[in-house]
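Worksheet for the structure shown next.
Order of writing sets the chain letters: A, B and C. Residues in each chain are counted from 1.
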């Protein structure tokens, strides 16, 4: 919110630091390619000026044609937030790199997303269902799920 | 000569007196020492996020009551703030004050419950717990005057609150404000300097500041690890920027600090309520908002400082009367992400105490 | 049969004389047997009824401590609640886990209650009221109370339940450990009383022994609270951790028996403390000796209850530490100081110590006690490592 750079500058900065991120700005949200998530996150977390050290939340939304993964990052010391989004068009078997190596707190949230929305996170140490039981069929927060 | 020993795996829960609900923990013990923990969630999964997709924006308020049932007011507040941000609704001044008073009362009630159960987990035979409950009861009485309910309150609405506080509320609030500090002092004289409490809680379950930030902890858990971060200060919502209060932080990040942070927060909450009672002015308590809200298409993430930590709602609207997606960032769930770091290496008795100090409510963890 | 001391409320000779009078001549050879049975039944039933009353008292008092009401429905002030409890417990289904060791499982509660009841045999309830005056009474008590451990372990092990096993293992570790400071504290008593018989120990207390050896009293009191596993040493049951410890799997009448033994233990323990340290049945002669005895026991029980209502529980390793370091050390110190004082003050001919010398010993030992407790709390206390203060300043009572 009180980031010194505006969203446009931030997008450009991400593009220059992580070449394959393909960051584009749509409205207020920065979209990046799903392959580059780990690089972008690493940059945002470790860069002195950015210093996004707190992973607030990870969300996945099923938009029928694609699944959107939304990362809310926050910097406790500098008090600014950023929203990163990535789209995953492989609706049947969506795979996104896990960021649980960067943030321990991502582990449970990614498990929850796998459980409810069905996005698999590659590189996650323990990709199991968390809220529903093992052997549950389907992912309830998918639009295609018939409860 | 060494004795051949074998690790023992125990199911702690889902029915266990100290797991605060239906939380199951598969713990491997080597003698009395914890070697491995594997939390199993979901015994209380009710699909709140899925249910929210089929209800109108106002109806979802009742769902949020059932998230963390010991702090329904804060849940209501977090949700209606997200809706208001999505629709850009202006909330009347008096409603904001009422909301803050209610939320801070709820914070006291929640912390009282956390403290009582923490000391109960240490093995004090229910005495501090009953002390805490006696005081919490009075706050619930206040809520009953305010909105007719005690636990599942549904007091707040997008655009304000459900009704103005009756006169009896203010009288009872004044009485409570006078007696509450004495109650807290009494509780502290029983617990804070008790030698056994210190022996059981000092340097137990320590989390460093880096660890807890990395694990996305929030609320008293994070502040006990000496991270000075409170959303009420860093991103003031409602009228918190007009209020004068401090954010207590701990030093070591152990169980005792978590306890002390909660006690101090209760005192700060009392200060906040006192200021609100002084500053509140007459006026409407609810903006003119239709029953079936159709927010403009878009998404929003809005969070508040709930008693247990950062409670956020991520709402996606597609211009219909119910949200397209309603994701709940619940503090209890996130605070459990460092369970292994906290528990491994401690004794069984410590495990219970550390779990108690996390202060989670299963309704919010499983949603 | 010599029966001259036919006084006191619970006295074998008194009962013997009654039976001698009422029994027909062809049954006279059973007089001994009948009077023994009568005496035993009387004492055991008094103990069981007082345990029932004690459960009511404990629940009411704890409720007052916690600003609740407690049982208040059945009878005046809910005093008939224990009867309701017993009826409920007996009519419950008596389950035995399928994989339990059935013989041991069924034997454990019986052994537990037997060992608890046996202690009362040697306790002098008044100058002449006791079931049997054993001249090695105190050794008998130490031996019998150790048996408790075995029955608890039997129950926990036979249940085939991990929680019960945890409780049982803790009990073995803890109870055996606390035997040691307890024994050392008792030796201090023996030095003063010159006798192992409990009636002699009581009679030699011209002033109560807890005044003469405060450290010994503290050690013995702490150890006996640990032996009966009450707060702050109640790791064996530890409701918030183990559910209920070794008796997790018990139900129905076996659970009732275990609960009986458990609630009887504080009474027994208070009785032993009263006998050894508080002057037993002694007191001004305006009231009968048995009455003074009851009052003292009641006081000790209330003190234990007070502790239970106030304090949390220590961790198992802290409990063991407490036994081996502070308690063991204090016990040894007490033993040495008493031994030296007895050597100095003892009458070389009769072997007794006059009351004025007792007072001098008491003075010396209290000074030691205060210094030691101050020193120990300074060294191992948590409060002093870093100053912990209440977050409030003044408004405690406004």
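Note that in this section a residue touches a chain if its C-beta (ideal position, glycine included) is under 8 Å from a C-beta of that chain, and two chains touch if they have at least 3 such contacts.
On a predicted model such as this, the values are computed, not experimentally measured, just so you know.
Centroid distances from chain A, each centroid being the mean of CA atoms, peak for C. The innermost chain, defined by the distance from its C-alpha mean to the mean of all protein C-alpha atoms, is B. If you average the Cα atoms of chain B and of chain C, the two centres end up 44 Å apart.
The distance from the centre of chain A to the centre of chain C, with each centre set as the mean of the Cα atoms, comes to 63 Å.
One inter-chain figure worth recording: chain A and chain B are separated by 26 Å, centre to centre, where each centre is the mean of the chain's CA atoms. Among the residues of chain B, none is found touching two or more other chains.
None of the residues of chain A touches two or more other chains. Chain B makes touch with chain C in their complex at residues 8, 10, 16-18, 32, 119-127, 129-131, 134, 181-182, 184-186, 188-190, 192-200, 202, 260, 263-264, 267, 347-350, 352.
Those residues of chain B lying in contact with chain A across their complex are 41-42, 45, 47, 49-50, 211, 213-217, 227, 229, 234-235, 298-299, 301, 303, 310, 312, 314, 316, 324-325, 327, 329, 333-334, 336-338, 341, 366-367. Remark: chain C residues 62, 65-68, 162-163, 166, 231-232, 234-235, 238-241, 243, 308-318, 381-383, 388-392, 395-398 touch chain B in the complex.
Every residue of chain A that touches chain B in the complex is listed here, in rising order: 1, 27, 53-57, 59, 61-62, 70, 72, 76, 79, 83, 103-109, 112, 116, 129-133, 140-141, 147.
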